[in-house]
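Before we start, here is the structure in question, set down as structure tokens.
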């Protein structure tokens, strides 16, 4: 930050916001309400932060009508504050753009088609018959397998690996260390070991998909693993062969999705969730962090399974009881029967 | 697919199958029963798919005697359908073979021994005294540390890292982003921090081992981390220092195995399992997805710990009760005592 | 091992230990009590290993006064055995040092400042205005983004990726495949998808930090993700944007920490723990393996949540009961009421 500067007038126009204040005031970054300086922009979208408005030294605050009266400084009034913050964040992105063309150290197969506007970083390797679209940016050390396709304006950070025949759409961002198209975990059991099932499908990734770092998406066994348009996937996520993820779904960090699971559109999967294979999850399903998803569902819903956090001493005692739950249930049943018999007897005795 | 073509006669011979149908019919790929075209091969090994046989347009179906009467098209009759599918999948593998020899951009220490039949891809780096066996394939960006050994016909996908002194057997496949031989997590506590315990052992990997992408296997502290022959390991698996995994075991995605744990032979560990350190697990033990394995076992068995998936409202209520389990158990005990006393009293009153 | 040799006299001086035995005896490695040969050093710090002392063939044993009388061979008597083992392990480290200077295949921006004593391995890529301190070692294939800073004597193993503006302190070790500074998982929801919130902060890592392989640490959205001095982090750990980790804390493998969580100083987080976002955890908190941490705490404590490992048949029955816990609790409450009423009635009948 620091190199990019915009006037509040420019920002108001960019955001289609109502500006109250000095249109010539210049902004060179974004910060939160408590720490923003006069050259930085802030935003507020929760009542709990309203306490900071009085002392706020920000150059301007993005806010909705609800908060407009509570702030006296420069303000940009919008209908969707969080979306406005997202949009303005793009202006202050500090990742340097790669220049178009291929770095001399890149190794590009002669049969590969690389659009002249694409940027190919140092030590990238591009395989036979691969196609690299317009405006693509491959940062250093990216490996693109034979016959893989990278759609227009997609950006791959250093050391991403794309296996052969994988197809990535347009306007995607893939972070470092992520591997797309490794073999699915498919083996036929044989005496003492396993016979590999060669994974003949590919991975098909839609448009506007972002994938975090060190995530793995396996190619299909037969047919493809498919990630829909507008899906967002975080770091260290494992997506097994032939998984399908519907449009617009969000998968947080450390999630694992087993083979041939189908996740609908508009789902959110919180961190550290594990989803079983060969199940189908309905559109607009939501899973809390740490859920072990063992079965599919057909209606939208919110699901969880994580046991509660406890002090370790309490946890030890309750854990023992957990292993006795079925017995506890039988004892309750037995008590109910005995008590009912006793009450019936008492009633009979009295009549 | 599409470049490789086999006649059904050739496939029958390769699979040692009984062919019923046209030996000259040509096949160029594999697909499932529902989508296979006349140039593709299918297979059926579950009754639930028998419904698709009638409309199947596949060029031929691999099946066992049980299904032979239910299909009228070309068929390859075998005793183990899934194994036959595995074997035939190898014929249609679409990963391009690397040519023998080293790419000019590879950096190979003069003291390294590289077999002339080995293929060393672009930007690979091979350290001092490393040994690369016959038919080895290192795809681009692979790093091989000093004194590491790669056995014959082993294949490392792009950007695999093998640290110094790690030894990999023959006929292994290691997928991209996987790291073999990083330091184990060993530290002695000191005031305010930690004194590193240098990890002086290595990683020893047997023959016919496949390891997925972005998996980490740490070197031993003293002595080695050991992965037996015919072990298969999926993506994003963490194997800590001095772990031993017995022959033929299978470890699914997102599993973590803590230091000095010993897993027997023929075990299967489903996804997202976490195994405690310093425990010993018997041969032929099996763990369901998401199990937290806190203790070892001495006999084969099947183990689980994941709590059930619930609607979030039900989950919230039951979670509160979970933290009261020990209290609930005491209350049941108290009820039993009171009821017993009451029944004894009633009995005494009547006598 | 094998190339480095020290006399027991030298080792005693290095460890500030009392040597009982032959000061000229030479040692070239470390092994455990059961397997150590006459040229290797061992240590004992647990009573359970005392049984091995009688048959031990080690060249010398590091031990405390407690064990000194139980062993007749050469011994190095120290006050903290485990710390002494850690210190001596450094002497036998077998990772080859990289020579100072840049490998000819490295691609270094002209505006980058690289200290002449730094070692830059093959195929490293260093961005504009990056600063690489004295004695830094970058092994092969490391990518350093624009304006990133690597402190003195820090070591990055092959294929580590450091994004732009990330700042790493001195004397750190970062293992292969680890990614520092990828974008945090921040998006504003829009109809059918997500608007990216550009991540404008960085990652700041203190001194003496060690990070394992294939770990991901995201850059801050606004402000930084901060890892304190003397923190140790294992493999396959996910640390989201704006997380703060206090000095001296230890994070084991497969842990995930969600956005804006703050972990205090001196905490230990065992394997496969998942920590919720936007919570604050007190100094000296400790979490057992597999805990799902949903809420913060203000006092030191030990916490757990993992359900107990069970035989699968027992687990199935108890899992059903888990989903009935709230109902079971109500039934106990009902039984208590009924029994109390009955007892009161009996008492009234008798009076």
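Lettered A, B and C in written order, each chain numbered from 1.
Simple rule for what comes next: a residue touches a chain if its C-beta (ideal position, glycine included) is under 8 Å from a C-beta of that chain, and two chains touch if they have at least 3 such contacts.
Remember, it's a predicted structure, so these values are computed and weren't measured experimentally.
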item: Chain copies touching (chain A, chain B) - same or different residues, decided at half shared; value: different
item: Angle, in degrees to the nearest 5, of the Cα rotation that carries chain A onto chain C; value: 120
item: Centre-of-Cα separation between chain B and chain A, whole angstrom; value: 25
item: Per-residue multi-chain contacts in chain C, two or more chains; value: 105, 123, 141, 159, 177, 214, 236, 254, 306-308, 310, 320, 322, 324-325, 328, 332, 335, 339, 342
item: List of chain A residues in touch with chain C within their complex; value: 1, 29-32, 35, 80, 82-83, 85-87, 89-90, 92-96, 103, 105, 121-123, 139-141, 157-159, 173, 175-177, 208, 210, 212-214, 229-230, 232, 234-236, 247-248, 250, 252-254, 266, 271-272, 289-290, 306-312, 315-316, 319-320, 322-326, 328-329, 332, 335-336, 339, 342-343, 346
item: Chain A - residues contacting chain B, complex; value: 105, 107, 123, 125, 127-128, 141, 143, 145-146, 159, 161, 163-165, 177-179, 182-183, 185-188, 190, 192-200, 214-216, 218, 221-223, 236, 238, 240, 254, 256, 258, 274, 276, 288, 291-295, 301-308, 310, 314, 317-318, 320-322, 324-325, 328, 331-332, 335, 338-339, 342, 345
